[in-house]
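In the two complexes that follow, chain A is the common piece, with chain B as its partner first and chain C second.
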Partner chain A sequence: MRYLPGQEVRVADRFHAGHHRTPGYLKGKVGEIQRVHNSFPNPETRAYGGDGLPVQALYQVAFAQNDVWEAYSGRQGDRLCVDIFEHWLEAVE
Partner chain B sequence: MTDNEHSHPHGHDHQFPHVPITDEGAAAGRRVRLLEDLLVEHGLVSRDEVRQGIDWLVSRSPADGARLVARAWVDPEFKQRLLADAREAALELGLDPGPSPVVVAVENTEDVHHMVVCTLCSCYPKALLGPPPEWYKSLPYRSRAVSDPRGVLAEFGLDLPDVELRVLDSTADIRYLVIPRRPEGTEGWNEEKLASLVTRDSMIGVANAAAPSASASSARS
Partner chain C sequence: MDLNRSAHDRGGWPTEELIDRTEHELDDWELRTDALMGALVARGVINLDEMRRAIESMPSPEYEEASYYERWLFAIETLVVEKGLVTQNDLSARLAL
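Take a look at the complex of A and B:
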């Protein structure tokens, strides 16, 4: 478990050919670890008949809507909470 | 325009070609049948297993989720257990929390309103809510729920007051269940009566629980 609640993280801005569970709209965005779920088999290999091992830690990461969408018209403070696997997260100094 | 050259009004462009992704039409049904035939042919799944899966899914209903919510409304300690471990809480009420996906319950309060979407497919707490509604699986809901959630809620008839809106995109192994706020005017109600106010949509977070006067009307499909 590399990250703790409250820590800032960036979603890796990388292309991945094939099945993965990191939404494109968040790549490169900075959020805050909201919650540490558990570890689960990696869907990127499991989708192709693999065992998904080693398991990957899964985090709920909270993003400010205003950071994700330039034209966000809702309320300041609205957030988007998305579950992202550890190998898609980078520490923000 | 070929299938691989469709336009993208939904905010992304191509790194590799794909056919237009739509939820509708007979093409999806044909694709499912072909996939099923291939899986059976290769011995990965049997027809009986497919049928059992469908039977299980259609036997599930939002009434189970509603029982959890109603109990949480009357029993604060149960609510804490539900928030800590929804699977254990479901088992405690004799409900089937389903196979592996982990259900996490989140609570709407006077400060925060939660709303659930799966932008990547249609992840949904089926064991406790039954099959997801068609709109939940539609591309417009899946894209706009994250980019214009207040607009989507307004279309559902919910004008949120000045609270934080927290959209949960269930992209991985977690399935989210929203505990809506208990409606005013329900003091002293028993669990069964309270459960009748807990609509499917309120547990997805696109609506509040029904008002007491509306409790006789049934949920729309």
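Take a look at the complex of A and C:
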């Protein structure tokens, strides 16, 4: 388990041609780890008949809506929580 | 914004269209499609990640036109042919009936 609740992380801004569960609109965005769900087989290899091993930790990450959407007009402080696998996260110094 | 995103990865796509929230009765073929997918997954023939990957492999124009269960059906056909359970020829022959 690489990240702990409260830690800031950046979603890797990389292209991935195959199946992956990281929404495009979050790539490059910085969020805060809320909780560690558990570890699960990696859908990126399971999607092509692989066993998904090694398992990957899955985190719930919260993003400020203002950071995600340029024209966000909702309440200040609104956040968006998304589940993201560890290999898509980078530590923010 | 990453322009290389495929059709299913649509969060944040600009649109003026409202989301259609109307409910509709499911047709028999839709119920059967759901049951077929359930059976294939329960028997371990396919997994949900493969199903999603197969749906995402739909060409963009078809994806946009297809209904929810049409996408499921496309995924089932793609995967059973890929896994050699049914040949594309058999499938085509039956569909032509």
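In this text, the second predicted complex is superposed on the first by the 93 of 93 C-alpha atoms of A that agree within 3 Å, B and C clash if a C-alpha of one lies under 4 Å from a C-alpha of the other, contacts with A are read in each partner's own complex, and residues count from 1 in each chain.
Just so it is clear, a contact is a pair of C-beta atoms (placed from the backbone, for glycine too) under 8 Å apart; a residue touches a chain by one contact, two chains touch by 3 or more.
Worth saying up front: this structure is predicted, and the values here are computed from it rather than measured.
Superposition note: with chain A as the common reference, chain B and chain C are in steric clash. Touching more residues of chain A than its counterpart among chain B and chain C is B. With both structures placed on the common chain, the touch criterion links A:15 to chain B and to chain C.
Looking at the shared chain after the overlay, A:40 reaches chain B, while chain C stays out of its contact range. In the superposition on chain A, no contact is made by A:87 with either chain B or chain C. In the superposition on chain A, contact is made by A:48 with chain C only, not with chain B.
In the superposed model, A:27 makes contact with chain C only, not with chain B. Steric collision with chain C, judged by C-alpha atoms after aligning on chain A, is confined to one stretch of chain B among 38-46, 164-172 or 182-190, namely 38-46.
Shared contact residues of chain A with chain B and chain C: 15, 23-25, 43, 68-69. Note for the complex: chain B touches chain A at residues 11-12, 15-16, 102, 104, 119-120, 146-151, 162, 164-174.
Residues 1-2, 4-5, 9, 11-12, 47, 49-50, 52-53, 56 of chain C are the ones that touch chain A when the two sit in their complex. Per the touch definition, chain A reaches chain C in the complex via residues 13, 15, 18-19, 23-25, 27, 43, 46-49, 52, 68-69. Looking at the complex, you find that chain A touches chain B at residues 15, 17, 21-25, 37-38, 40, 43, 58, 60, 62, 65, 68-69, 72-75, 77-85.
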